[in-house]
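So, here come the structures, one by one.
You will see two complexes here that share chain A, one where it goes with chain B and one where it goes with chain C.
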Partner chain A sequence: MKYKWYVPYLFVLLALIGLFVFRLGPIAMVTGISFTDWSPFGDPSFIGFENYEYMFTDPSFWEIVLNTVIFSAIFVPSILVFSLLLAVLLNKGLKGTTLFRVMYFAPVITSTVAIGIVWQWLFSTDAGFVNFILRFLGMENPPSWLSDGKYSLGVVAFVYSWKRIGYYMIIYLAGLQDIPRVLMEAARIDGANKIRMFFKITVPLITPTTFFILIMSIIDSFKNFEIVYTMTRGGPGISSTTLSYYIFQNAFEMFDMGYASSVAVFLLLIVGIITFVNFRMKSRWVKYQY
Partner chain B sequence: MKYKGNLSGKIGIYSLLIVIAIIMIFPFYWMIITSLQPLGAIYKFPPEFWPENPTAENYQAIFGKFDFLRFTLNSLFVTTVAAVGQLFTCSLAGFAFARMKFKGKELFFGLILATMMVPVEVVIIPEFLLMNQLGWVNSYLPILIPSFLVGATGIFLMRSFFENVPRELEEAAAIDGAGAFKIYWKVFMPLSRSPLSALFIISYLINWNALLRPLVYLNEKVLFTLPLAVTTFKGEYESQWNYLLAGAVVSVIPILVVYLLMQKQFIEGITNTGLKG
Partner chain C sequence: MRKSLLSAVLISFITFIGFGQVTLQYWFWDANFEQQELEMIEKFEKTHPDIKVELTALSADAYWTKLAAMAAAKQMPDVMAMHPNTVEDLADQGALLDLSGFVDESFKKYGDYSYFLSVLDSSFKIKDKYYGVPFAWVGSVVYYNKDLFDKYGVEYPTDGWTWDEFLEKAKALTKDVDGNGKTDQWGYTVFSRYAVFDGWVLQNDGDYINRETMRWDPDQNARDTISFVNDLVNKYHVAPRPKDYDLDGKKIKIMFANQQTAMMSEGSWNIKYMREDIPADFNWDIAYLPRGPQWKEDVMHAWADGLAIANNTKYPEESWEFIEFLVNERLAKDYYAGKVPFAKKEAYSADWKEYETFGKLPEHKTLILDYGTSAKHFYTKYWKFWRGYASAEGSGLSAHIDDMLNGDITLEQFYQKSDREINRMLKKAYK
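This part shows the complex of A and B:
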């Protein structure tokens, strides 16, 4: 269709304003602010790389980076393995599948706040259900999960994986439905067993979906502010502080916009680099041909 | 697909499905059970799996003393307006990206998709400074305006749908003298009930559960949304789990009910926006 030249721009106007005012503009601005000393109530002053120098020489910053990496290292593999497992189980064509799917998906639609609270209660030291089970199984001094720096980060990462798994399961389910059934039938006739079929047919043919889930779950794992805020506020100490929580803390609790922005720029670069590397590596393992 | 396999395999799969179902559902059950007991009862050892003396007093407190009705209405308002905003912005832009040729189309679409990767935590600082500058802090504008303007997922969803609408429909309307906006509104929108409802559900869900923006922008209690009210409440009543969980239940029930009634649309919506493959 031919329309007057300006008509398309009217249609995309709102979206373009959004793109520039709420995405590209802020990315440029956050970079600018990271070179300043700025509290929201005063005027910014340019201080060059001082925020970055402070950041890179602060040992607790590196601990927070490590926490972020650990969080992702728990979240991403659990998502990849378990969401595929659940999808395969639900794709068997058994009766009652819809009911199970509805249940597995329930945490996805529930707010992180509600989920954080209930799991904090389940993991509480004295009256928590998890420790009740452990005592029941004979453990005398079960851990005090969230108030113990050894476990807090792991528990939070576990809970977030529990919440998000249903989402990725649904995407895998859609991917599984695209695998041509004739291939499965042919393998079955050739006498291949289930496990062999899974690794030789399902896993390779689902790689495009796996690639998508890998990218999305890595980004997802960095967006952990809400669960950390609800469950531990980064504690005890900084044992469960992650980069996105650290940004919030510096910006909105300490009102150090400059330093918070330099952490934000760091996070953005990390996400960008990982996504870029993923796309570069894509052709090595993702197969689009059947 | 019908299940093919032997009985023992079937039993194995069902047991696995049930164990996983327990892990996924038990926290919800426990949340409700705890919210129906007085403070003294929830610290009992061993815990009661079925409360002997259930009570509604936590909920009375939640709605009476703690004014959760107000927060529920706030959430309903903010969420509905935000979701309607998404429908307009995303369908308008999706229409242009799917059916029109213009300079910069690929670039703009690529940029919109690429910014999906940017965590909100990264852009919230300049956004806050902007909203502060505009004097919009402590109003719903900083929460509503972005949902009227930003919507990568929705734009993608609407574009994919509009691309598959037959060209003839558009041409026939144009011959009848309809302009671009009329074609969009009278021809394309009525056809799009299913992607629009999927989009509505998704943005409803996201906004209903959102914490970061309300936390950053709302300081006055009368404006609080449910997730913000529940977190604030948590700071004030740290170990009163009976109250906290009743608050959590109140914040979850509305969306859970809608989900159970419309689970098919929920799941389809998520699948369609999940850009599979």
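This part shows the complex of A and C:
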């Protein structure tokens, strides 16, 4: 049976429309807006690279970039290690596994605003549970977790990791259940202990899942917004301001869409470069065959 | 035949009525007051049958974001709530209608003595044109716990009290109540928030901004004020370091309600919080911020809740009629406690004098009215960013003030950092 030449295109038409309307179109528009001075309340005027010049010469901007990198450096390893650990424990088929799966997944479906507020209370300097414990243990002046720029970013990254671990745990669980039992049995017969089996069989065989989680968690960490908004509003100062939050502030508080767009383009490039490098490095450590 | 003719006439009449009716879009920033706004609209529509008003009441957090999105789609509401911290940015972009003609007409009709004009001028007059009109205004005051003053035999604040008197009282009220060697009751609590801090500068005749260059360049009076407030925390230890209590707009009120502080400064709208949300279960009152050594006149750090009209509205006349109605016809009892009606007839009404009329604290609520003739503030373009407000809460100047009060930076470092950061923004705002 012969098809008209356009029939295959019809099958992907909806996806293509979605791609152009919701992805490539906005990216092109944001790139265009980044070369303008535009508030939504007025008309845009072309200003060349002025926004980029302002951005690259602004010390605050670089501090925010560093915050974003630190946030990511806390979030991504935490996700990789703890979500795998939890997935392995919950893959044992022990009693109560379902209950624990639900418990660990609960923060994922809980509103970020609610989570932010509860953790804000827990980390309160004078009346929080965390400092209550520290005082009980003898610390006279426990830290001001959210009011001291030395700690605020770390606390926010910790809370966001706690929220997201359950989601990545589920993905790891799926990966773990894909590992053929026969390999484990063969290793056991050959006398391998559990730790050796974990590092020599489990870890290599779930590298495709790890790769997926690595990419997604990096993007997740660069995109985070709500947790910063709820817990610290980027403060104190800009100590916990991340790039996504900075984009929001410029676009919707200052109505400086041009500058916000230039920061968004920068963020897109950074995430794009990291993802590209990861894909290039993939062949060195990701194993798709048993 | 007769039936058809009657139907045709009826349809024509209804169509005529329909076409004759104007529908205004009205956006308001407090979803909690939706019912009150709807009641006002109902009253307005009864007296103006040719105008229909559709209300969109949003939370304050979502308001500006959605307004910006609608502006991008060229669909601004005809009438919208407006704040002096944003009006200059929007007026500069040509988004708002110049209301000067309407304001002049209104003054002729009602008399300019009917309103708090300094609030109007300081809040919405941009380059000699009005881009908004207040319907209510508020100002910074000192809240004090009368029970604690009584307990320690400290006299209440009086009109015209000075920094020295303030310090003396704050010292007398700073106590280690449980005797563990640490202060647990503070004379005063302060942090960087504009409503808490900036009134001090105005009461010493100071200014953060050089009005000719529109750059951050605090004059000597402002510098003396900043040093004094810093000393309250770091020299006299009558106020805690902000980071020791995670001070923010809510926490300072909780401290006051918990009697952890005998005095605090905040906006007068917090009277509502003190009564309802975080009830202060003791006898309390408000006073004016104390006068600094360079004081010239009592100046209140005041700001307004206003209304503006979109520049591209098809119905400027009808929009103004609606605004005029909201400003003049809203009754004192329908205002958020602590907010002063812009129309003096309501501000000076028995309903607004709640202590005398209903016995509601604070006793000296009406002192705010005396300062409706001397409203000032430091709003500029980009104010939210450089001062640290809304989503930028705690950044910009606020961050440096808190760092200074926390003892993390010196005064010299405070000025260096503020100058570098704030002027970078102001240079962008005022090219």
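What we mean here is this: the second predicted complex is superposed on the first by the 272 of 290 C-alpha atoms of A that agree within 3 Å, B and C clash if a C-alpha of one lies under 4 Å from a C-alpha of the other, contacts with A are read in each partner's own complex, and residues count from 1 in each chain.
Just so we're on the same page, contacts are C-beta pairs under 8 Å (C-beta built on N, C-alpha and C of every residue); 3 or more make two chains touch, one makes a residue touch a chain.
Please read these numbers as outputs of a predicted model, since none were measured by experiment.
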Problem - Clash or fit, chain B versus chain C on superposed chain A - result: clash
Problem - First, second, both or neither for A:Leu146, with chain B first and chain C second - result: second
Practice task
Considering only touches as defined above, state whether A:Ile189 meets chain B (first), chain C (second), both or neither.
Solution key: neither
Exercise for the section: Quick one: classify A:Ala260 as touching chain B (first), chain C (second), both or neither. Expected result: first
Practice task
Mind working out whether A:Thr241 is in touch with chain B, chain C, both or neither, as first, second, both or neither?
Solution key: second
Practice task
Between chain B and chain C, point out the one touching more chain A residues.
Solution key: B
Practice task
Kindly classify A:Arg101 by the partners it touches after superposition: chain B alone (first), chain C alone (second), both, or neither?
Solution key: first
Practice task
State whether A:Asn91 touches chain B only (first), chain C only (second), both chains, or neither.
Solution key: first
Practice task
Using the touch definition from the top, say if A:Leu137 reaches chain B (first), chain C (second), both or neither.
Solution key: neither
Exercise for the section: Please work out whether A:Gly42 is in contact with chain B alone, chain C alone, both, or neither, and reply first, second, both or neither. Expected result: second
Problem - Superposition clash, chain B versus chain C, among 6-14, 60-68, 132-140 or 150-158 - result: 132-140
Completion exercise
Interface residues of chain A shared by chain B and chain C, listed 40, 124, 126, 229, 248, 251-252, 257
Practice task
Within their complex, state which residues of chain A touch chain B.
Solution key: 1, 3, 5, 7-9, 11-19, 21-27, 29-30, 33, 40, 86, 89-94, 96, 100-115, 117-119, 121-122, 124, 126-127, 129, 132, 136, 162, 166-167, 170-171, 173-175, 178, 181, 188, 208-209, 212, 219, 222-223, 225-226, 229-230, 243-244, 247-248, 251-252, 257, 260-261, 264-265, 267-268, 271-272, 275
Handout entry: List of chain B residues in touch with chain A within their complex
Key = 1-5, 10, 13-14, 16-17, 20-21, 23-25, 27-28, 30-31, 34, 42-47, 88-90, 92-93, 95-97, 99-102, 105, 108, 111-112, 115, 117-130, 132, 146, 148-151, 155, 167, 170-171, 174, 180, 183-184, 205, 208-209, 211-212, 215-216, 226-227, 230-231, 234, 241, 244-245, 248-249, 251-252, 255-256, 259-260, 263, 266-267, 270-271, 274-277
Fill in the blank from the handout: Listed in rising order, chain C residues that touch chain A in their complex are 64-65, 68-69, 71-72, 76, 89-90, 92-95, 242-247, 382, 384-385, 388, 390-395, 398-400, 402-403, 406, 420-421, 424, 428
Problem - Residues of chain A defined as touching chain C within the complex - result: 39-42, 54, 58-60, 124-126, 144, 146-148, 229, 232-238, 241, 245, 248-249, 251-255, 257
